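Order as written gives the chain letters A, B and C; numbering starts at 1 within each chain.
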Amino acid sequence: MTELSTFILILEGLLAGAGVTVVVTLVSLLLSVSLGFVLALVRQFGKRRALHALIDLYCEIMRNIPALTHLFILYFGLASIGFRLSSIAAAILGLGLIGGAVTCDLFRAGFAALPKGQAEAALAVGFTPFQTILDILTPQAMRIALPSLGNYAVQLLKDTSIVSAIAAPEIMFYARSMVTSSFQTTLIYTTVALLYLALALPLMQAIRILENRYGRLKA
Amino acid sequence: MNRFIQPYVDNAGEWLPLLLEAMGKTALLSICAFALSLVFGLLLAVCRNTRWRWLERGVALYVATVRGVPLLAILFLLYFGLPGAGVTFDAFTAAVLALALAFAAQVAELFRAGLMAIPAGQREAALAVGFTPYQSFTLIVLPQVVRISIAPLIVTFVSLLKDSSLASLITVDELALTGRAMATEYFLPLQIYVAVGLCYFLIAWPFSLLSKRLAPPAAR
Amino acid sequence: MNPLLRVTGLTKSYGPVEVLKGIDFKVAAGEKIALIGPSGSGKSTCLRCLNFLEKPSAGEIHLDGERIGVRLGRPMNDRQLAPQRAEMGMVFQLFNLWPHLSVTENVAIAARKVRGLSAREARELALDMLAKVHMTHRAAASPQELSGGQQQRVAIARALAQKPKLMLFDEPTSALDPELVHEVLKVMEELAAEGRTMLIVTHEIAFARDIADRVLFLDGGRIVEGGPARELILSPREPRTQAFLRQIRH
C-alpha cells in the first residue's frame, strides 16, 4: 500500500512536467515540419545551386552534431553574448531547427519516390509548374513521408527529455529534481519510463490510424 | 567576429588536448556501445523469426517499449535506479549498456527489414544444394542482409554517436561533459560549445558521407 | 531392376486444401521424365516435395533405395536432410542465383562447403560445369549482370556441380524472354544426351516430346495420364489431357 501511494505521489510530481513535454513536442514538431517542408521544396525544385549548397550544409550541421550540444549553444552560448532565451524557447527552437533538417530529408525522399510521369501528366493537362508541385506532387509525397514522419514524432517526444539539461521544466526535469530529495530512484525512473511510454503509445496508435487512412498510396 | 574568434587563438594550446582526449572517450564509448548493440540486435532479430511464439512476443514487446522510452530514462534507470535494486555500474559501463540496449532495438528492426527483403528462393536454393540451415543462413542469407543493412547501420551509428553525449549527464567524461567543465572554467560557453559541436561533426560527418556512398542509388 | 526414384502415395495439403492427392511414379536411372499440366495443378509442389522443400503430408519418396526425409520412422529436420538434398540438383523457375557471389562462386560454394572440396578443386569443378552450360566467358561476372537465359544456365551449372543422381527442373524457361528460351533448352538437351536422370516440369511441349522418354500429365493434384512422350503428346487418351494439349498449342 505504501509502495502504491509512493508511486502515485511520484506520478503526480511527474505529471506537473507532462504539460511542458507535450507543448514542447507539439510546437517543435510544427516548427520542424514547416521548416522541413520549405527546405525540401527549395532543395528539390529550386534552381539556385548556391541555395542547394546552403541547405545541404545546414542539414549536415544539424545531422552530425548532438541535440544536447545544439541546445547548449542556444541556451548557454547565446546567453553569454547577451542573447538570452528562456529554457523552453531554447528547447523548442533547438528541437525545431534540428527537426527541420530531419523532416527535410523525409519530404525529399517522398518527392523523390514519385514516378516522373506524375509531374509530366500534370504539366501535360495544363497545370503550371507551381500548381503541379503543390496540387499534384505534394499530397502524394506527404503520404509517402507519413510513416517516417510518424516515427520522427515519436523520436521527438522522447528527445524532449534532453531539454531537462537546460532546466526546461518537463517530465525528466521534475524526475531529476525529485531524485535529489528522495532515495526512490528506481521507482522514479521506472515511472518516468512508463509515463513516456503512456504518452508515446497513443501517438504511435494515432500514426497507425493515419497511415491506414491516408498512407500506403500505391502509385 | 574577431571577438568570437580571438578566444580560440588564445586558448588553442589548452583546449585542443582536452577536446582531443574527450573525442577519444566519445569514440570509445560509441564504438563499444555500437558493437554491443550489433550483437544484441542480431540476437533480437533472429529471435523474432523463430517458431517459439513467446520469444517472438517478448522481442516485439522489448522493441516497442524501447521505441517509446527516452534513452535518458534508460540511462538514469541503469545508473541511478539500479543501485536502489542492488545493482551498481560505473558510469561508463552504464552508458555503454543503455546505449546498446536502446540501439539494439533499432538494429534489430534494420536486420529484420533486411531479412524480409531477401526472397525465400535464396534460402530454398541454399537448402536445395545441400546446405544445412546454419550454412544457408551464414553463407547465403546473412551476407546479403549485411549488404542491404550497411548504409542504414552507419546512419544508426551516427545517431548513437550523437546520443552518447547524454552520458555526460551521468558523469562520463566524454566530449559533452568536458565541454561543460571547460565552459564553467573559461566562461566562454559559446566558443566552447561551438568547438564541441565541431568535434562531434568531425567524427560523425565522414560516416554520414560514407552511408550516402553505400546507399543504393534509389535511396540517395 | 530398382528404379532410381520411387514416389508412392505422395499427398500434400495446405490446411484443408489438398494440393496433391496421391501421386505415384518411378524414374529409372538415365530416364528423362516431363511433368506437364495446367497452372495450379501441383507440379511445383510435387517437385518440391521430392527434396522436401515442402514437407509431404503423406506418402514415401525413395532415392536409390533410400527413404527421403524420414529416418527410423521419424521425420528429419532441415539439417539432417541436407545430405539427401545434395543428391538432387534443383533448377528453379526464377533461377535463385545468389547475388552476393560471383558466377563461379555460385557454382563452387556447395562443392566446398557441402562436399568438402578444396577451394582450388571446387573452382576447377565450377569452371568445368560452366563450360558445360557455355558460360565460361562470364565466370567472373556477378549474376545481376547476366541475362535471364545466362542466369538460368549458371543455375543449371550450380546444380550439376552437386554431382546429383537426379536433376529436378521447375519450369526453367517460363521466366525467360522468348528469344532466350532456346539457349537453356539446348543446354538441357545436351545434358539429356549425356544420359542424366532428369525430371522436368515444363510447358515446352515440343521439347518434352523430343527429349523426354515419358510424360506425366498432372491435373487437380493427380496424375491423369502417363506414357511414352511421343505417344502421349501426339495421341492423348484422356479428354482432360487432350483439352490441355489443344489449349497449349494455341
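By our rule, contacts are C-beta pairs under 8 Å (C-beta built on N, C-alpha and C of every residue); 3 or more make two chains touch, one makes a residue touch a chain.
Chain by chain, the UniProt names read as follows: A, B = ABC transporter permease; C = Arginine ABC transporter ATP-binding protein.
Everything quoted here is computed from the prediction, not taken from an experiment.
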How is the touch graph of the chains shaped: line, ring, star, complete or other?
-> line
What's the chain with its C-alpha centre farthest out from subunit C?
-> A
Most central chain, judged by mean C-alpha position against the global CA mean | B
B-C versus A-B: which has more C-beta pairs touching?
-> A-B
If you average the Cα atoms of subunit A (ABC transporter permease) and of subunit C to get two centres, how far apart are those centres in Å?
-> 54
Length of the line joining the C-alpha centres of subunit A (ABC transporter permease) and subunit B (ABC transporter permease), rounded to whole Å | 20
Just how far, in Å, is the C-alpha centre of subunit C from the one of subunit B (ABC transporter permease)?
-> 47
Of all the residues in subunit A (ABC transporter permease), which ones touch at least 2 other chains?
-> none
Can you list the subunit C residues touching subunit B (ABC transporter permease) in their complex?
-> 51, 53, 78-79, 81-83, 85-90, 92, 94, 96-100, 109-110, 113-114, 155, 158-159, 162
So in the complex, which bits of subunit A (ABC transporter permease) are touching subunit B (ABC transporter permease)?
-> 60-61, 63-70, 72-73, 76-81, 109, 154, 158-162, 164-165, 172, 175-176, 179, 183-190, 192-193, 196-197, 200-201, 204
Interface with subunit C, subunit B (ABC transporter permease) side, in the complex: residues 119, 121-122, 124-135, 139-140, 143-144, 147
Touching subunit A (ABC transporter permease) in the complex: which residues of subunit B (ABC transporter permease)?
-> 65, 67-74, 76-77, 80-85, 158, 162-166, 168-169, 176, 179-180, 183, 187-190, 193-194, 196-197, 200-201, 204-205, 208, 219
